[in-house]
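Which chain is which? They are A, B, C, D, E and F, in the order written, and residues in each are numbered from 1.
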Amino acid sequence: MTNTLSRRVGRYALLLLGLVLLPSAAFAQEVSQEMFTVNNTWMLVATFLVFIMHLGFAALESGLTRAKNTVNILFKNTAIIAIGLLTYAIVGFNLMYPGDFSLGEFFGFAGFGLDPGAEGNTSAYNPGYTYYTDFIFQGMFAATAATIVSGAVAERIKLGSFLVFTTLYVAVIYPIAGSWKWGAGWLDQMGFYDFAGSTLVHSVGGWAALAGVIVLGPRLGKYVDGKVRPVAGHSMPLATIGVFLLWLGWYGFNGGSVLSADPALVSLVFVTTSLAAAAGVIGAMAASWGLQHKPDLSMVLNGSLAGLVGITAGADTVGVASAVVIGLVAGVIVVGSVLLLDRAKLDDPVGAISVHLVCGMWGTLAVGIFSTNPEHAFLTQLIGVLAYGVFCFIAAFVIFFALKASLGLRVDAEEERLGLDVGEHGMEAYGGFQITQA
Amino acid sequence: MTNTLSRRVGRYALLLLGLVLLPSAAFAQEVSQEMFTVNNTWMLVATFLVFIMHLGFAALESGLTRAKNTVNILFKNTAIIAIGLLTYAIVGFNLMYPGDFSLGEFFGFAGFGLDPGAEGNTSAYNPGYTYYTDFIFQGMFAATAATIVSGAVAERIKLGSFLVFTTLYVAVIYPIAGSWKWGAGWLDQMGFYDFAGSTLVHSVGGWAALAGVIVLGPRLGKYVDGKVRPVAGHSMPLATIGVFLLWLGWYGFNGGSVLSADPALVSLVFVTTSLAAAAGVIGAMAASWGLQHKPDLSMVLNGSLAGLVGITAGADTVGVASAVVIGLVAGVIVVGSVLLLDRAKLDDPVGAISVHLVCGMWGTLAVGIFSTNPEHAFLTQLIGVLAYGVFCFIAAFVIFFALKASLGLRVDAEEERLGLDVGEHGMEAYGGFQITQA
Amino acid sequence: MTNTLSRRVGRYALLLLGLVLLPSAAFAQEVSQEMFTVNNTWMLVATFLVFIMHLGFAALESGLTRAKNTVNILFKNTAIIAIGLLTYAIVGFNLMYPGDFSLGEFFGFAGFGLDPGAEGNTSAYNPGYTYYTDFIFQGMFAATAATIVSGAVAERIKLGSFLVFTTLYVAVIYPIAGSWKWGAGWLDQMGFYDFAGSTLVHSVGGWAALAGVIVLGPRLGKYVDGKVRPVAGHSMPLATIGVFLLWLGWYGFNGGSVLSADPALVSLVFVTTSLAAAAGVIGAMAASWGLQHKPDLSMVLNGSLAGLVGITAGADTVGVASAVVIGLVAGVIVVGSVLLLDRAKLDDPVGAISVHLVCGMWGTLAVGIFSTNPEHAFLTQLIGVLAYGVFCFIAAFVIFFALKASLGLRVDAEEERLGLDVGEHGMEAYGGFQITQA
Amino acid sequence: MKLISAIIKPHVLDDVRDGLAKAGVQGLTVTEVKGFGRQKGHTEVYRGAEYTVDFVPKAKIEAVVADDLVEAASNAITQAARTGSIGDGKVFVSDVGQAVRIRTGELGDDAL
Amino acid sequence: MKLISAIIKPHVLDDVRDGLAKAGVQGLTVTEVKGFGRQKGHTEVYRGAEYTVDFVPKAKIEAVVADDLVEAASNAITQAARTGSIGDGKVFVSDVGQAVRIRTGELGDDAL
Amino acid sequence: MKLISAIIKPHVLDDVRDGLAKAGVQGLTVTEVKGFGRQKGHTEVYRGAEYTVDFVPKAKIEAVVADDLVEAASNAITQAARTGSIGDGKVFVSDVGQAVRIRTGELGDDAL
């Protein structure tokens, strides 16, 4: 099954090219069993780190929304990882890495299910990992895109409709979009660069979040008489746990995207990732202290994520100082974006659009500005950003709209007031605590 | 101290046999220092992943019980890991891997304390890990069995008695039972297979949970006038954090049970483990939505654990599709089991018996059905399941009964109503929060 | 840039010496690319484990304080990691590992910013890791020292002043102090030993905590009419999550301090670390049950940390039984210390001084008692402990005092009563929950 | 109309509600309160310092009833809430001048 | 002086407060309560067992007002709190003998 | 019998309880409430949007006392609760017709 092998080659072609430019790129296609084992081990470590991001999202999203919708959010996030992994096994993986494209370099499908083939367990498949490692690492990424949407549409979307959306988006839209770059499709061939998914994961999720927010409309009582009425989250500790777990997971998200344990690259990625996150915190702290006169924890938390999303596209290809700048800017951007979206009456309870879409775009474009690789060009990056925008936004909008017209997308006002926990699940998140219903 | 070495050989004899059948089983007994190092590193990573399962249990169990018993549960779980590690160092490890059995192949003891011997730090001890890695990885497992019990007997057991039970069970019963298979005892020789402990860890804990629940009786007010009165947990976010951490830990629990970093096997185990967990979520979601008309988050959380427990016995020896089936069935089983246990008035606040005992049995038997290894037979698996059932249930029952007759097992009704936090610890879990006492 | 290289050699000179004494010390300065890769991979795993300790601190500290100060604590801990990483990149790393000292062997500075040089990515830099790995692993440590302070001064310190303190302490004081030993300064040359930082990290943080507590004074209402009035923490689950995450992170903190993936040493360190933590739990449980008649969860949690801090100085150089003794004693010490500090009216809401300073001293001295390396001497250890005490306490005291005189250090009584969340951040941690304001 | 206000142990709440319903009371309002009286609180220890929690959790039931129901309602509460141990609580009765049902504007006994 | 005590739906609280303020009421006290009446609770399922949550969350507003304000205040509440659906709640009026402002010791209407 | 109902700042609760005990009051009930009056709330910012939290946390103390204790009890509260700053709260006194001790069935002053 050399086909299986070849279809993944495209993905690292450029990467390997990049490696050659670096002094430490000691490993070639042929690696010892020892090197194969350590590479694969690192990729599996990265895999479980990305897994824990799903808990991060669950905690962050429930922390930044009200107590009465907590069961619902936790339920969605638990379902998403399950749906994401299963659909990725059935169709997603083979849509994203089709090997041969059947429709230009826009669409291809290598068939249903998983098949490691004869070489899937050896370094002949890839010097960095086995077939199964490849699948499970990518599968953890896939579910992330849908999880991003979950927070933006929280506190008002019907559970059933959301699950249908998630299934379609993660099984079909995300992998097709992904194939354009990581599957060696047209954008890859054009020289577009997105190391670990500022665009391919975060913006792809962010565009769907935006579409969902538009189709759903704001939560009851959020915008009253032209004024923004804040709807405070119910637990900042939960939100903080979420953000730290996401940051932790990012070491796998970015660190694993090296696709091997290469010491030079992985350690560089750890440094750029860490410093961008730190700079995002500082950027958001400054912006929020400056604009709001009080340092807002929820903004600072968003700031670290903004820095992380921002560095994701170029974590292996920008210098340390550039990483700090990228993070700092992202931290400022995210605060501005949250404020502007509220002006535009786009109600995103957790700031998902600002963090993942806006900073995802920023990060992708930043590669065109800061990359040390002369082949990365701002224009190509822009084309990529726009292409994903058009495809993902339209796809998500159409699915949401179809759901609205069929199953219905939004719970009724009575249920929204009472909370989706009781409405959708007949259950409360906190037993025995006195919680204000408003 | 070749004895130390040889006594562990039995454990992988079969495993190595299995490896030979796989294309990637490149490593033999003799490995390079590099391979030894990467193997050992992976085993230590697996060790800390299993460690974090103890936080998972603490969070899950306290989340699914009432606020007034939270300090007590957290205390128990903190004590268990401490007691588990220390007793395993003193006696457990050498009971579980006795080398030579002194009583048939049922019981052996290699002496008190730890002694790496001359080769304990080299690949001559084992190609996959050092003596100390062996101990600490196994030690983290040991405490798990006791932690499972903690949830089932929660909200009514006396702290002191529980700690005595835990000490005895984890120091003596668990390792003796374990020696039958992993210590190369009679079940191992019979061809019984339990990869990572569906039976050896989860059912062993589950049988004790069942015995405890029977001896203790249900919580006050749980079964009134023949009707089940639900006692809702106090924090679903806490429960969800617990489940995700357990799932995370399982990558070490199962992934580490490969006993090396072998790329083919570890990556296969990651995939089967992940998909079984995902399928468990879907199975429980379907069952709970179908039977209860509302999708119950606590059931879905149990569902993912059910899938994980189910796949644990065969994670390295079943195909990907089989893993999905095993998980799906486990997810349905766990919902049915929770309902049936309530019918039988067996009050298990967190569903420990359903998850660990029932799905542990299912997973062990499933090896007999789905294993790709022709040497695994349903009948042998059944014998193993029954043997563990008889030994562990009786042992746990006797200990609990003796404690009831001596120290007393259950707090008085007044304390149960007020909560064990104030009763046993003179402390409250949530300072300043208004919490309903009922 | 051989300078960059050489300046780090000092740090492992002794370590390598130690290795020679151990049977498994197979690797020399020259290592294969495979070994370099697995070493570096382990160091990066250790790095993310240390990272997660910051969430551990955030959770522990907010759990043990009141709900009304939770946003403030979470904010501080998020800011600290950001400030810590950035300042460590700008000055800290090059202050701590100056290569050449310019002022005796007390102070040196290798210049601003990061520069891997030509060999920074290869095993010629160090057989255990790349330059960037070195930086990021050390950088995660750096922020820890400041985080320790955060808990001790909680519920009354002004946000701005605390951030200034943190910046100065982590950017200047911590690295200078660190250079004395890890930077191959005068204490290193004297034979002082501190494996992973009982003194260099924990006591350094602890001395600042003590200074802060003295300069600030106790919280309102803590000591009234000569009596101690307990101010109970607001969430024991949060505190427990914090402690387990800290324990988890310690596997990287201590395990990574081996500075390679050496199987013998890392596995030994895992065992000593785990058993000391477990023994700390038992020690604190016994002491608290004995002295307070009720087993206090918050003490037991502190006990595990006490054991961990205690073993940190000698985790690689004491035997398993000694580790248990060190942990047990630490667990008892921490309970006594908490009680004594309260007698002395030193108000430390989370027990940071007892855990990090007192047990850090104990652990450092314990190396002089229990080390298997004959070169470790009690007197040298004592000199080290005192030297750090004098330098850090004075430095911290001066900074705190200067802040008190300039920006002001403490919020006013009205704000303290209302909570710093509303006062400093205009925000509440728990939306919708009814929380007693007292 | 009279306001019947009762302080009871939280765990008898459901029984009291059922008792009142049987006695003909159709509406009531419950508040979580903390009580201080003969029933003593308990001792707690936190980080070595002992302290007494003086207040015990109680539930307060308030029902406004027509005059002819007062007796029955009061008896229903005392019966359902009596466990015989200290801290069972009190029933207080006082006058209410007027009642309005917000939804309909009904007044007096009709509003209850 | 009279005590106006109203049980209302929690989400109309802000409107009621504004209404009362406009009517001239300068101070009031709000308690979170649980109500039982015609408005039914909802059904929940937990681990397979169904149960009814009988109590519905309500807010209780208490305002002591001078006699001449009672009418206006009561009307302000009923207007602001009326949604027309079951469970809108009640307004009860009763006598208050004396009022003291703790800060100044003022008595009676001056204390309000 | 009279019901003394006082709205106070939460942090003086212990002092007020002690003051009442000294004045001879043997039982009381405390409720956490939110107050609205002259004392202003504070401003919060959440994700860029400013808003005012109008309600301030208060504690409500209710004690039913025999007529001859009213004066003393009322004074005890005002003394213990007075900090002199806006928001110290109010004491209201009203009539109670009957009191029953649930445990024993004692009536009137004996029930207190």
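Note that in this section a residue touches a chain if its C-beta (ideal position, glycine included) is under 8 Å from a C-beta of that chain, and two chains touch if they have at least 3 such contacts.
None of the values given here were measured: they were computed from a predicted structure.
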Report summary line: Via touching chains, chain B connects to chain F in a minimum step count of 2
Report summary line: Here the gap between chain D and chain E, centre to centre from mean Cα coordinates and rounded to Å, is 18
**Report entry** Between chain D and chain B, distance of the C-alpha-averaged centres to the nearest whole Å
**Finding:** 47
Report summary line: Separation of the C-alpha centres, chain B versus chain E, in whole Å, is 53
Requested in this report: Let me have the rounded angstrom distance from the C-alpha centre of chain B over to the C-alpha centre of chain C, please.
Outcome: 33
Requested in this report: Provide the list of chain F residues touching at least two other chains, using ranges where the numbers run on.
Outcome: 31-32, 44-46, 94-95
Report summary line: Multi-partner residues in chain A (2 or more other chains touched) are 34, 38, 41, 45, 232, 235, 241, 292-294, 296, 298, 426-428, 430, 433-434, 436, 438
**Report entry** Chains grouped in pairs wherever the two touch, ordered by label
**Finding:** A-B, A-C, A-E, A-F, B-C, B-D, B-E, C-D, C-F, D-E, D-F, E-F
Requested in this report: Report the residues of chain D in contact with chain F in the complex, numbered from low to high.
Outcome: 2, 6-8, 31-38, 54-55, 58, 60, 74, 77-78, 81-95
Query raised in the report: What residues of chain D sit close enough to touch chain B in their complex?
Result: 10-11, 13, 32, 42-46, 57
Report summary line: As the complex stands, chain A meets chain B at residues 33-34, 36-38, 40-41, 44-45, 47-48, 51-52, 54-55, 58-59, 62, 70-71, 74-75, 77-79, 81-86, 89, 113-114, 118, 121-122, 129-133, 135-136, 139, 159, 235, 238, 241, 424-434
Query raised in the report: Which residues of chain B touch chain A in the complex?
Result: 22-24, 26-27, 32, 34-35, 38-39, 41-42, 45, 49, 66-68, 232-237, 240-241, 243-245, 247-248, 251, 255, 261-264, 266-268, 270-271, 274-275, 277-282, 285, 292, 294-298, 300-301, 304, 320-321, 324, 430, 433-438
Report task. Report the residues of chain A in contact with chain F in the complex, numbered from low to high. Result -> 228-230, 232, 288, 291-294, 296, 298-299, 335, 338-339, 342, 351
